[in-house]
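Residue numbering begins at 1 within each chain, and the chains themselves are lettered A, B and C in the order written.
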Amino acid sequence: MSGGESANRPGQFMGYALPWGFVALLALVPVVFPDPYLLAVLTSAGIFIIGAISLNLLLGYTGQLSLGHVAFFGLGAYASALATLGFDIAIGFGLRLQVAPQPVWVGFLAAILVAGGFGWLLGRLAFRVRGAFFVILTVCFAQVLRMVALNWVELTQGPMALIGIPGFALWWPGEGVVELTRKDQNYWLVLAVTVLAFLLVRQLVQSRFGRAMVALRANESLARSVGIRVTHYLTVAAVISAGIAGAAGSLFAHYTRIIDPDVFLFIYTVTMVIMVVTGGKGTLWGPVVGGFIFGLMPDLLRGTAPPEVQWVIYGAAMILFVMFLPRGIVPALQALLRRRAA
Amino acid sequence: MSAATPARPLLEVENLAVHIGGLVAIADMSFAVPAGQVVSLIGPNGAGKTTAFNVISGYMRATAGRIRFEGSDLAGLTPERIAARGLTRSFQRSSVFAGCSVFENALMALHLRGRAGLLGALLALPFARREEKQLHAEAEALLALVGLADRAARPADSLAYGEQRRLGIAMAAASRPRLLLLDEPAAGLNPTETEALMALLRALRDQGMTVLLVEHDMAMVMRLSDHIVVLNQGRIIAAGPPDAVRRDKAVIRAYLGSAAEEALHAEA
Amino acid sequence: MDQTLQHLVNGTVLGGTYALLGIGLTLVFGIMRVVNFTHGELYTFGAYMAYALVALLQLDFILSLVLATVLGIGLGAAIELLLLRPMRRADIDSVMLVMIGAALVLQNAEMWAWGGVAKLIPNPFPGEPLVLGPVSVLPLRLFVLAVAAALLLGFWLLLDRTRFGVAMRATFQDPETAALMGVRIGWVNTATFALGSGLAAAAGALLGPVFIVSPTMGDLVGLKAFAIVILGGLGSLPGATIGGFALGYVEEFAGGFVSTEYRDAFGFLLIILVLALRPQGLVPAKERIG
């Protein structure tokens, strides 16, 4: 919106043909380059791009710097894994809560609902406090969840990790309902969910709803004066953002088949933040562009540099982008295109 | 909400007091705004005008007193709720959504004119799409009304100062409120722009909007207002139609100091 | 009862270093409006420098602690000059992002330089605990508490009694007026950040010998420092001191009586509660510092 999506109308080509052509190309990757390593890299990049797309809704459109975003990702991962594995825990007063293993789609829904529910909770809580307080609150929120995951061994197996998580099961052409075990199947699944998440967010931000969010970011007092309900819009944005992140977490759990409390690490939030900030917060394509760059970078650097160096580069890139290209790559490109066109 | 009888003023401010951290911003203020009029709130700097605006529009809490709009109490309502009831305001500074185009600004200001919710937006329901089209049309009409139609694609913060002010007023009026609070709309405008502004305000009044104005430009206040309330140091020192206020000694003293008063006496 | 006393002593020792951490962080926020994500990394840095000086260069223990603090001050000054000074006009979120980037760089540079294996810092104190009736405490921990208390006191005196302290307090209250009165805000900022970093490094150097030194030791500590300043009210010095001790006691008692596993989580739960119920913290930040 304010990043120029609606202001910038370079015609049908940029609007439809290019994005869908891009998706088609991505869909062809497993056919043209059936390299399992490449597919694995792209799949995990895709999962993070979904996370970044969801974060962008909060960070970019409502302007709330949420640094606990990985909490929703992790909640989704655990909710989905636990629903499909089943669990049996004491819930006090001598009662036990037993859940039999559920199909994966139930896990996927559970992930969205649980993460969205916590998003609502955090939204209600956190939007009472703003600015630096909000940021610190979100960081602490993720940290508490990590500690719960580490210590509630009966439910989460703690540091021993949840293992044997089933893969995604879907109807597949010619095979009926099967568990997705092949790299290309998981790749297509993640690609499809990424496209869905993108379309969902696009639909949202280009509506009256999205305008209200951007208005709140641009000038809160003014937004309230024209009747935009702050807490309502911020909370709903938090719920949707958390729900999408939860879906990404679910994909992650059923793709890697194993999750441990480290899914709540701050560093993953930082990764998503870097993707959004470098790509361009508050633009639809920003998280995708940033996500590709930082999703693929670790693997481009692999072999040439130890992982610590990769993170040093991430950190340095973040500093440089914020200092020298604060609006990110996509807005800079759009400005360039506009100048060319004019 | 009880229907406003013709006799009942649109806005009633009764014994309003606002203390900010021990400081008395407004001591005791009572006035009423009858429907269909232009009422001006004037007074020297620090008289409590902007504070009064902030309290009426829900941005600040009153220490004591009551504010009724169409007969119902506004106490404890948030600015957005008050706006939804039909009372909106403009701001002295930062009156537009920076970083957004003029057209987007107009659309954002039309928020209350739409009702499409989350589902409508996500599923692109026919109803939501129809509404969106209608909002676009309204935004265009709004910009045409304030003469900014040809600026629609420009970033709002790149507009000239006078144009930004006009856009700000248009945005406050976008939801077609019954009462419009304008905070120094003429500040920083040149005579031509002020003239255009007055025409705009008259047009808004003729459309049925009641206007409450805080303004320093006395010429404009005198020509435009039906009723004037004069504040000094948090108190009302005079109220009445422009002609009466113009001749009020307390007003002259507050505005021009004793020198002017002496001059007046000498003249008399 | 005996246990309670023991927890009280342990909580005090812990609280002293927490206060040290909190003061540095809250000072930087109060004066510069910067949420300093590198604070935990400066803590780590201090610990590694102490390790390098004591274990590798075989320097005197006390001298090493002093040098580690001085190096922390230097690193802090460098960060301020390189990153924060150019960002003075930027919004608070952008500055936060830059600081997160810097924290990422620092932590991984440390990991790169020192490897992932934890280090031990040798110390000259006897390993036998001092036993006083029902309470026992390691001499090293008493030393840590004493130094932390001395640093806290020294810091208060600095703010209260020196011209520099006056300049800092003036900036805290109203940067624009302070600038008009001839306070050089730029240098106050640099000095503030350097001092805050020095305090973090000192805390790291002090606690390094008590625990072990690892590249990620600053993660939890950095977050706890946030807990402390939120508890006390962001930007309030007395608040940070109280918050530091409060967190020390809460962790110690909750860890002792409620659940050892969730020991570290109590601090964060406390923040969430404080923010939900009393966002301004225990001590409102708008009160004067010093």
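We adopt the following convention: a contact is a pair of C-beta atoms (placed from the backbone, for glycine too) under 8 Å apart; a residue touches a chain by one contact, two chains touch by 3 or more.
Please read these numbers as outputs of a predicted model, since none were measured by experiment.
If you draw each protein chain as a dot and join the dots that touch, you get a simple line with two loose ends. Of all chains shown, A has the CA centroid lying nearest to the centroid of every protein CA atom.
Our note on geometry: chain B versus chain C, Cα centroid distance of 49 Å, whole angstroms. Chain A and chain B have centres, each the mean of its CA atoms, that are 43 Å apart.
Here the CA centre of chain A is 33 Å from the CA centre of chain C. Those residues of chain A lying in contact with chain B across their complex are 1-2, 6-7, 200, 203-204, 207-212, 214-215, 218-219, 221-230, 236.
Chain contact summary for the complex, chain A toward chain C: residues 63, 65, 67, 125-126, 128-129, 131-133, 135-137, 139-141, 143-144, 147-148, 150-151, 266-267, 270, 273-274, 277, 306, 308-309, 311-312, 314-319, 322-323, 326.
On chain C, the positions that touch chain A within their shared complex are 29, 35, 83, 86-87, 90, 92-94, 96-98, 100-109, 111-112, 219, 223, 226-227, 230, 234, 259, 261-262, 264-265, 268-269, 271-272, 275-276, 279.
Of all the residues in chain B, the ones that touch chain A in their complex are 57-59, 78-81, 83-84, 88-91, 94-101, 104, 107-112, 114, 116-118, 120-122, 124, 128, 131-132, 135, 153, 171-172, 174-175.
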